[in-house]
Amino acid sequence: NSKQKVQMSVHQFTNMCFKQCVPAINNGDLSTHEEQCLNNCVNRFLDTNIRIVKGLQSLQ
Amino acid sequence: VTELVNKITENCFEKCLTSPYANAQEGCVDQCLAKYMRSWNVISKAYVARIQ
Amino acid sequence: VTELVNKITENCFEKCLTSPYANAQEGCVDQCLAKYMRSWNVISKAYVARIQ
Amino acid sequence: NSKQKVQMSVHQFTNMCFKQCVPAINNGDLSTHEEQCLNNCVNRFLDTNIRIVKGLQSLQ
Amino acid sequence: NSKQKVQMSVHQFTNMCFKQCVPAINNGDLSTHEEQCLNNCVNRFLDTNIRIVKGLQSLQ
Amino acid sequence: VTELVNKITENCFEKCLTSPYANAQEGCVDQCLAKYMRSWNVISKAYVARIQ
């Protein structure tokens, strides 16, 4: 269902953005910089996704 | 086509954007999409030629 | 929850342990788990806000 | 079916070879070098696959 | 079944640990160092998995 | 066995061949296959010993 789809997306984005935005583990908290990067990461990924979909549509 | 959209999004996100992801890089994403589609065609022809 | 356990294990293994894997690095794994759960919450909020 | 299998393989090869053969995005075209690399990549991957299958058969 | 699950895990661990423990191919044997690394890799991965499961349980 | 073939092919392609993929590197692929099978056995023994 739809709730499960959202959860799978959150799993995928967390996996991807954690790798890029949290380079080192020095404590259990997120720094402001890491948190901002995670927010940007998911939003830029969704922007990219929308742009690709639109680009593919305009090719057809 | 979902598979294609997902793979292009992942590849072009990886090639065009870098941490901390401040800007959208739309020009790069458009060029990357064009390059990816051209690559898909090259690979497709090479693979079909090979398995025939 | 299996999906979550698998992804955290892979990410924290990758961040905390390195070849030749002589030591368990339990402190790093605990901190990594805490960071991952916080990241999950940040991403979840950002994604839900975006798709609403 | 078989057409779908071919498409899935093309998706997999494009994903893999694009990462290796197209290091930077500076325009929307493929250079001759990139195109040659993509051709080599899929052919060498298939060569490797055949060699592994034969090698595993000879072990049995 | 359970035998298949074990096999899938062995495939996953070999894939992951081979990448990390066998950096270069110079002959067909495993060095003592590579073999030790593979043993450590699977054991440390399982340790990490157990610690994550326990940590998640204590959060609930 | 398909899973095994796929994983060995990917790993040995990655270890033995590099862009622009001009040569087949058959010797390296053969050695890589032998190393991978040995690694599979080491991992299998270690995992089975651990879960028993």
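Order as written gives the chain letters A, B, C, D, E and F; numbering starts at 1 within each chain.
What we mean here is this: a contact is a pair of C-beta atoms (placed from the backbone, for glycine too) under 8 Å apart; a residue touches a chain by one contact, two chains touch by 3 or more.
Just so it is clear, the structure is predicted and the values come from calculations on it, not from any experiment.
S.K.: Which chains sit in contact with both members of the pair chain B and chain C?
M.R.: A
S.K.: Greatest Cα-centroid separation from chain E: which chain?
M.R.: Greatest centre separation from chain E goes to chain B.
S.K.: Over half of the contact pairs shared by residue number: find the pair among A-B, A-C or E-F that meets that against D-F.
M.R.: Selected from A-B, A-C or E-F as the counterpart of D-F: A-B.
S.K.: Starting from the Cα centroid of chain F, hunt down the chain whose centroid lies farthest away.
M.R.: Measuring from the centre of chain F, the most distant chain centre belongs to A.
S.K.: Tell me which has more C-beta contacts between its two chains, D-F or A-C.
M.R.: Counting C-beta pairs in contact for D-F and A-C gives the edge to A-C.
S.K.: In whole angstrom, how far does the Cα centroid of chain B sit from the Cα centroid of chain D?
M.R.: So the centroids are 14 Å from each other.
S.K.: Round to the nearest whole Å and give the separation of the Cα centres of chain A and chain E.
M.R.: 27
S.K.: Between chain A and chain F, what is the gap in Å from one C-alpha centre to the other?
M.R.: 32
S.K.: Could you pull out the residues of chain D that touch at least 2 other chains?
M.R.: Each of 21, 41, 43 in chain D touches at least two other chains.
S.K.: Multi-chain contacts only, two chains or more: what residues does chain F have there?
M.R.: In chain F, 4, 12, 16, 30, 33 touch at least two other chains.
S.K.: Can you name the chains in ring order, beginning at chain B and moving first to chain D?
M.R.: So the chains, read around the ring from chain B toward chain D, go B, D, F, E, C, A.
S.K.: Within their complex, state which residues of chain B touch chain A.
M.R.: 1, 4-5, 8-9, 12-13, 16-22, 24, 26, 29-30, 33, 37
S.K.: Inside the complex, what are the residues of chain E that reach chain C?
M.R.: Spelled out, the residues of chain E in touch with chain C are 20-21, 33, 36-37, 40-41, 43-45, 47-49, 51-53, 55-56, 59.
S.K.: List the residues on chain B that touch chain D in their complex, please.
M.R.: 3-4, 7, 11-12, 14-16, 28, 30-36, 38-40, 42-44, 46-48, 50-51
S.K.: Within their complex, state which residues of chain A touch chain C.
M.R.: Within the complex, chain A contacts chain C at residues 6, 8-11, 13-15, 17-19, 21-22, 24-30, 34-35, 38-39, 41-43, 46.
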